[in-house]
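Pasting a structure here, questions to come.
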Amino acid sequence: MRASCILLCFFMFLAVSSAYPGKKKQYKPCKELVLYFHDILYNGQNAANATSAIVAAPEGANLTILAGQFHFGNIIVFDDPITLDNNLHSPPVGRAQGMYIYDTKNTFTSWLSFTFVLNSTEHQGTISFIGADPILVKSRDISIVGGTGDFFMHRGIATIATDAFEGDVYFRLHVDIKFYECW
Amino acid sequence: MRASCILLCFFMFLAVSSAYPGKKKQYKPCKELVLYFHDILYNGQNAANATSAIVAAPEGANLTILAGQFHFGNIIVFDDPITLDNNLHSPPVGRAQGMYIYDTKNTFTSWLSFTFVLNSTEHQGTISFIGADPILVKSRDISIVGGTGDFFMHRGIATIATDAFEGDVYFRLHVDIKFYECW
Amino acid sequence: MRASCILLCFFMFLAVSSAYPGKKKQYKPCKELVLYFHDILYNGQNAANATSAIVAAPEGANLTILAGQFHFGNIIVFDDPITLDNNLHSPPVGRAQGMYIYDTKNTFTSWLSFTFVLNSTEHQGTISFIGADPILVKSRDISIVGGTGDFFMHRGIATIATDAFEGDVYFRLHVDIKFYECW
């Protein structure tokens, strides 16, 4: 009997080893958060309210007007308030900090690399993101590459959608954060 | 008998827990992709063809000529075509979007942070990369820190090699993408 | 008896599957490294010694003096020596390469994205980091998002602390690297 158990256990051992990745494949988030963030781009006249600024531009462009050719080559640094709903004036639960780049010459596309710094009664910690953002597509997936605090070692996918935009000055992103690796 | 199984099972449980990382250590990719991407740097005269541009430079340098001191401090934004072979004119299967920085004063070294946006019959999804790129070394490893779509939650290592370069205007990278964590 | 083992094994299988994430939650590093890195910012007069340079700035600022408003919008590119102790003149064990951004208008906060390139008898490989750095806080956690070589596929958390700073020219960071995912 013992022998049969050893044998069984051995096969089970194999099963567990190979089954684990399958387990992860279930595509069901272990944690989910929906947040908004609000970007007000400095345009030379809104210094008091602006939460972001153009800091690099291609030859011939300047730092108060987004560059021609779909803004290709602009780097924007931001420190945007994060809110639980779509109201810019709701109490912020954290800040979205980092940069985005406009990186296509024939359509509006950006590339994002930033961190959510959450500091509320509900969440304390950071979540870092990287990804391509084809702005004109309704919803886009970017990668969550790391986290700290409440999000220690987490990884996942964030689905972002432009919730509002006003000219070249204001936009609001809806961010659906789905963690698939929680610790 | 039951007791012995419990005991065995318990030890097996321990074995599985600690064996799993060992399992991962096999260094065998769960998925592999070989791709090329092509970078044509804007130099003031090739606006129509250029796929990248200098957007930041150290004091004293400009945005059409790479800076002195091994280009230290230049930031280049790119949107480069990705192909299956080494021919710039092959049908692109996606775009490499992001930035690189020249970041050493006494040799050619860059630092990369970018995303492959793949959009072909074979692959739909994104792969994001970060890493140091000691350009003069034949092959260099960078980290694959996340993926979406077909590459949902993937991680791995990309080995990059300079496949061609022409002055300061054109270079082509051979990218051997090895995923070690597939979902 | 066999049946009871099958049953037990089945439950154990479930236990292992769900226990594994719990196992990871032990928060005990599988590897730890403590390193220092040293940043000497170019200020127009220290070209020979400087290891970093301002390469982007908001409107109205320049590339030899950090911008007003808590340096908001400055991007600094760096190639800093890494040492085992807090002595700038100790033999370097590698280079910290990448960039940081000052990204808040009303306090000193930066956002980091960089790679440690280690090259010593003890360690060969790279470690890549991303995260928000609230500089005035004593110790801050950032994410380790990938590694190569000796740090193949590693992930973890780095706790950084400002170990020294001299005006706007020199700072030294103490970096406590804790890997929680080793391969």
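What to note about this one:
Order of writing sets the chain letters: A, B and C. Residues in each chain are counted from 1.
Everything below uses one rule, namely that a contact is a pair of C-beta atoms (placed from the backbone, for glycine too) under 8 Å apart; a residue touches a chain by one contact, two chains touch by 3 or more.
Please read all numbers here as calculations on a predicted model, not as lab measurements.
Of all residue numbers used at the contact between chain B and chain C, under half are used by both chains, marking a mostly different-residue interface. Its C-alpha atoms fitted onto chain C, chain A is found rotated by 120°, rounded in steps of 5. For this pair, chain B with chain C, the centres built from the Cα atoms lie 19 Å apart.
Chain contacts: chain B has residues 1, 5, 9, 12, 16, 20, 55-56, 75, 113, 130, 145-146 touching two or more partner chains. Remark: chain A residues 1, 4-5, 8-9, 12, 15-16, 19-20, 23, 30, 42, 44, 53-56, 62-64, 75, 77-79, 95, 97-99, 113-115, 117, 126, 128, 130, 145-149, 152-153, 182-183 touch chain C in the complex. By the touch rule above, chain A contacts chain B in their complex via residues 1-2, 5-6, 9, 12-13, 16-17, 20-21, 24-25, 27, 55-59, 72-75, 101-105, 109, 111, 113, 130-132, 134, 141-146, 155-157, 180-181.
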